[in-house]
Amino acid sequence: MKKFYMSAAQRGQPPGSAVYTGDKVDVPVRVRMINYNETMIEELEPAAVEETFVAPDPAVVNWINIDGLNDADAIAKTGKFLKLHSLVVEDIVHTHQRPKLEDLEESLFLVVRMLSLNPETQDVQSEQISFILREGNVLVTFQEAPGDVFEGVRERLRKAQGRVRHKGADYLLYALMDAVIDHYFKVLESFGERIEVIETELMDDPYPELLQQIYSIKRELLYIRKSVWPLREAVGALERNESDLIQESTRLYLRDLYDHAIQVIDTVESFRDMLSGVQDLYLSSLGNKTNQVMKVLTIIATIFIPITFIAGIYGMNFEIIPELHWRYGYAAVWAVMIIMVAIMLAYFRRKKWF
Amino acid sequence: MKKFYMSAAQRGQPPGSAVYTGDKVDVPVRVRMINYNETMIEELEPAAVEETFVAPDPAVVNWINIDGLNDADAIAKTGKFLKLHSLVVEDIVHTHQRPKLEDLEESLFLVVRMLSLNPETQDVQSEQISFILREGNVLVTFQEAPGDVFEGVRERLRKAQGRVRHKGADYLLYALMDAVIDHYFKVLESFGERIEVIETELMDDPYPELLQQIYSIKRELLYIRKSVWPLREAVGALERNESDLIQESTRLYLRDLYDHAIQVIDTVESFRDMLSGVQDLYLSSLGNKTNQVMKVLTIIATIFIPITFIAGIYGMNFEIIPELHWRYGYAAVWAVMIIMVAIMLAYFRRKKWF
Amino acid sequence: MKKFYMSAAQRGQPPGSAVYTGDKVDVPVRVRMINYNETMIEELEPAAVEETFVAPDPAVVNWINIDGLNDADAIAKTGKFLKLHSLVVEDIVHTHQRPKLEDLEESLFLVVRMLSLNPETQDVQSEQISFILREGNVLVTFQEAPGDVFEGVRERLRKAQGRVRHKGADYLLYALMDAVIDHYFKVLESFGERIEVIETELMDDPYPELLQQIYSIKRELLYIRKSVWPLREAVGALERNESDLIQESTRLYLRDLYDHAIQVIDTVESFRDMLSGVQDLYLSSLGNKTNQVMKVLTIIATIFIPITFIAGIYGMNFEIIPELHWRYGYAAVWAVMIIMVAIMLAYFRRKKWF
Amino acid sequence: MKKFYMSAAQRGQPPGSAVYTGDKVDVPVRVRMINYNETMIEELEPAAVEETFVAPDPAVVNWINIDGLNDADAIAKTGKFLKLHSLVVEDIVHTHQRPKLEDLEESLFLVVRMLSLNPETQDVQSEQISFILREGNVLVTFQEAPGDVFEGVRERLRKAQGRVRHKGADYLLYALMDAVIDHYFKVLESFGERIEVIETELMDDPYPELLQQIYSIKRELLYIRKSVWPLREAVGALERNESDLIQESTRLYLRDLYDHAIQVIDTVESFRDMLSGVQDLYLSSLGNKTNQVMKVLTIIATIFIPITFIAGIYGMNFEIIPELHWRYGYAAVWAVMIIMVAIMLAYFRRKKWF
Amino acid sequence: MKKFYMSAAQRGQPPGSAVYTGDKVDVPVRVRMINYNETMIEELEPAAVEETFVAPDPAVVNWINIDGLNDADAIAKTGKFLKLHSLVVEDIVHTHQRPKLEDLEESLFLVVRMLSLNPETQDVQSEQISFILREGNVLVTFQEAPGDVFEGVRERLRKAQGRVRHKGADYLLYALMDAVIDHYFKVLESFGERIEVIETELMDDPYPELLQQIYSIKRELLYIRKSVWPLREAVGALERNESDLIQESTRLYLRDLYDHAIQVIDTVESFRDMLSGVQDLYLSSLGNKTNQVMKVLTIIATIFIPITFIAGIYGMNFEIIPELHWRYGYAAVWAVMIIMVAIMLAYFRRKKWF
């Protein structure tokens, strides 16, 4: 079951303790750093964040990516080095945060959830990603585990594709967020396909397992929805934010990002509506099938019960049953029975039962 | 299945790449230009946008219409010639945009969806239309494919009907948007007729296929709804926009347009409510039918099972069954049976089962 | 089917063409004028609006009522005479407007829908009424057809009842609107009675036609609702309007009008809720009835099928069936059967099936 | 049926006519006056309002309570004496007002509905109460009929309990409103108990009448809800009102009153949710019962129909049926039947049908 | 049944009477006091609040905790000693308050509900907790009964863990509120587990009791929801409050608290959605089961009724039934029956009934 709430581990803690509360506990901390500007790019993998820079060079964008939040000491040191408020450090390691933006004066702190599909089970997986945009063209990103949706951005940085190498750390933040939201669409597309399959099978022949599938998609959408509504708020706050850390020319891109976030919500809501419709359709076709079954039973019973009764009559052993001795008694009984069946069939035909 | 989300093609792209993401990929770019004022009108078909004008003459309205977004080069050149921000060019070719208005200082950028009915399948088709209203009385429109709802406006321009020839490019934008929204009503009218047909058939004789029809209309309405809510926002923003590009005298018309957009939403919501009602009606009449079928079965079974039992009794081969030897035994059995049937019928009649 | 959208006629028109789009096409234009102040009243019926006045006398209230919108020429002339913007003229003849208030500087333009019950079918009929309140104590009203809810106001004017003769054209507007909204209550009262009848019959004996009645009332309420929500907005705008055309002393009355409009909405919403409740009740009582029918069937079948089987056993023709030759075999079989039936009945009694 | 709309009587009236529209038409007007301050209290019963005071003494709180609104003349005189605007007088006698607060400069006009339970039928009764708080420490209350929820306040006044004798007319207004809202809780408590009873019976043994009870409670709640939402608005407006008539020290009490009004709404909404839940529970348990009935039928039929068929086989009169002449034929048939029944029972047991 | 409304005891009271209205009536008042700063901590248990301090020392945080609200005298004295407005004292003892924050100038008054699980029945219990944050670093908390969720905070105070000893009374308020809200998550986690169990059992084998469990969880959630929505408002008001009692450095923590309150609401709403889904699933699987039962019955009946009829035919005693004398008559009848059964089975197989 997907967690809809903070874990027990998190609850026992006093506020202010920076202990990781997620489930990726055996991931070692890994620091990667990409420094670039229009003319150069270098990728480093320092042992710890403290080795990344002394004073950042504003002419060069520094992107520090940290995978693995499990080593409390390392995270604490990182927080101290980056001069982060202890509550921010807590928010980074206490995963299951609501997506949000916090303006911390000299830096912006953005927490979102990255969705992906488990390639095997096709379940939705999610991971918390924290962004810290600092003065001096520095962007720090924290992830729970290696493996992310940022590879495309790295590729573009290396190959100097698109605008990203010509812009600052704020544009890099946009590009990474864009990659995160694009991944939401990928996840939703897979849901779209599953709904389509269910629709087709429903039209064809509804079977009970479809309902559990519908329910399970509904549940996953509920989970996505919980991430996506606050995501929209956070991106909206980012767009409207008046911090100097965001350049004017980047705002237009952030508005675009906001449009995408709304489109994600629209799609999730449409899917929910469609699933309701699909479920109604299932229930009605179930009602239809029961009705069909009932009709078959009723037709058979209504035709045969009366004539069986007649057969029963002439199976009685009374001494005196005059009809039994008629010459054409047997034929007459058959005739009566056939007439009765014909009347029944005509009745059902008029009622359009078959 | 109608796309409720951006296509996979769009997702792989780095932000900033202006590659067409729709499905009308084999449409060549076609540029048409209509220049007019109160006294003259000329229709040109230049090979490329670059040939349309050097400096627009503010005394003449220039309407440049571009069909086909598939040729990335041509679109890029067009964007450069019109001095459009690269994000705007992307929005034009990345169809599946949410309808929106963007105020780009020297120009207004409006994206909407044009709905039409596939004349064969009666499905809803949609196409993205982008409007750029620029200084110098210039309106540029981008469409995914030829064939549009603007023919009426062109006709009025040619024949100098109505006010359109006496007004500027902002009024032309209004007239074209009015044509787009009027087409929504045409689409909705066809839905209204389909709902009416379903209603009539429901009252008459509900059959299972009606439900799939209801579901399919619901789905199409969901799709329209997704276009229409942001359309209202965009038209509202256009009305309230304080740009110099919109003359004061045009605002009254835009308010009218806004009223129409609200009326479209009202109608869509009413249709949704009506479909819910129709579906409830279907389900209840299904329940009624099952109830009817059950009653037929129960009446037949309740009448014949007991008397068949009596016939069974006197079909037994016991040596000593005194009744079998009575003179009027057979007649007495018939009498008993007829009385039992009469009681049953009276019972059902009192219960109003038939 | 009630129209929920603009008619096809309206769509083909270029914006700005003042052609009547309603269905009351054979109504000739009829102009009536009532001039009054505290001391005098005169009723005139001029051939055309142009003959009504040259310069209105502000000391006298002029109420010009125009029935019939079908004669485009006459309407156009009227519009010109009253110096109405062409869009206003269009709104007057394009019926199916959303109720709205427009402040046109020297005049106020209010469009609402007047509801009435078709006296024969008890269906809801609706007609668009436009009010133009102008400087110089002039109120112009446009109706689609003769026959209105204003007769009571005319009567009060003639007999100098109430306050209306002591007040200006703005109060007359209030009095007429009050008559319109009061008529909504009359229509709603008839719905209330129909719902009450349905409720009583449901409690008594639910029959399938009730559902169609519920659906049809729902549909009519949907239609009323579409008129009534924007009506509230329009009346609210009228109350808050700061035009000099509305005297301060009239505002208190308009607030009262607004209260009434909200009460109409409250009532419509309550009726919708009640209809949902009634429908749920119908469906559940249908379920109950099916359950009852099933129980009858099951009781009969469960009692007779086993004993019929026993009768069948002793109807077999095996050479050796010892029981057949017992002296009290027949009586014993009856005893067994009666015991079985008694057990069954006890079982059903314990299950409270009857 | 509870009235959800203005009565027919009210509709025929011209606006401005102060004729009582409620159903308590045979109640004579009765005026009671209580004058008090910290040191004294006197209770008077003048014949008419005109006799109550010439100029109120601001050092003494004057509470004038008028029961019975049916005497148009008396009410008109009262209105004139109290210098009430004619619309206010109309609002007082036109019961079925939406609860509201009106700030009339020198006085505050508050209309609410008082709910009570009919002690016999346990139905909700309601009565309109109007409050007029005037300068000079005067509070006038109008009721449709004698018998109210104010007796507790009168008692406290007489016995000088609580704060009420130490405070002004604004606190008296609060104390009376508090009594009105407290009575809402009493009414709701009775609903809570009825819902609790229904719940318990549902868990025990659902029977069809429960549904009508649920529907009837729903309907009453709908009625309460219509009074209670605008009541909250009115009390909120009273709290925020900046009139000098309300002393600063009373505002804290009004905030408390507002909290109570919200709590009433919360409770009504919770009850609605609970009733929906109860209704769902009823419907599902109905489905369960039908399922149970079906299972009994199916088990009996499935067990006996096949073995009855076998008995039928050996009841046939063919000349040559070898089995009939077997020595252990009869026993073999029994054996076969018992085996078949055992298989059936095992099948049903595995399906967990019993 | 959980109380959704004020008790009868509360209603009879005049406003302003401070009599405890909860159900924990036999709890003696117990006062505990913890005084601490960075360097020292002392725990006292004075006999009454009056003994706690004369003038608080602002350098030391004083946390006075009072358990038991039943002794009206003691509470009244406490209120007087703490100089609380009588309405505040009433709010403290009138439990069933809506959670709220009131800014009383020199102090902040916060009322919330503390939830916990009854360890035996797993029902939700709730208790009202009132906080009064006063000048001079004083925090007073009132509880209905001993036993609370504050033990963790006390432990941290004693052991000087976390930040709490380094901060003022406002941080202590935050820490206590954090403990309260953390406990909501504990309660919700238990609900999450119960829903998960229900889901699993539903997928497996739905049985009727699940529905009552679903309903009972729904009801408890309804109860939690009533506490939690106003809790969010109260915490939001606390965060935005501009009182000097809250230090700037504490605000960031309060924002965190607010995030948690929203997360509680999100979780409650998600659970409600999930329960709806689970209930739909239950109802559909019930429909499926009825359908299955019907199919079994129909298959058995449809196969055996016709062949039983044939057996009945040849059980008739007509003198002349030629078939009875055929040599292979009996075998032929068997053949016909087997063919009929085969046809039926093929029909059901094609219909996918088994």
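Just a few scattered comments:
We call the chains A, B, C, D and E, going by the order they appear; numbering starts again at 1 in every chain.
Following the convention adopted for this analysis, a residue touches a chain if its C-beta (ideal position, glycine included) is under 8 Å from a C-beta of that chain, and two chains touch if they have at least 3 such contacts.
All values derive from a computational prediction rather than experimental measurement.
Shared contacts of subunit B and subunit C, meaning chains that touch the two of them, come down to nothing at all.
Averaging C-alpha coordinates per chain places the centre of subunit A 26 Å away from that of subunit E. Separating the CA-averaged centres of subunit B and subunit E is a span of 42 Å.
Across the assembly, subunit C contributes residues 283, 287, 290, 294, 297, 301, 305, 308, 312, 315-317, 321 that each touch 2 or more other chains.
Contact ring, oriented from subunit D toward subunit E: the chain order is D, E, A, B, C. Per the touch definition, subunit E reaches subunit A in the complex via residues 152, 156, 161-164, 174-175, 178, 182, 185-186, 188-189, 192, 196, 199, 203, 252-253, 255-256, 259, 262-263, 266-267, 270-271, 273-274, 277-278, 280-281, 283-285, 287-288, 290-291, 294-295, 297-298, 301-302, 305-306, 308-309, 312-313, 315-321, 352-353.
For subunit E in complex with subunit D, the residues that touch the partner chain are 1, 4-6, 8, 11-12, 14-17, 85, 87, 91, 97-98, 100, 102, 205, 208, 211-212, 215, 218-219, 222, 226, 279, 282-283, 286-287, 289-290, 293-294, 296-297, 300-301, 304-305, 307-308, 311-312, 314-317, 321, 323-325, 327, 329-330, 333.
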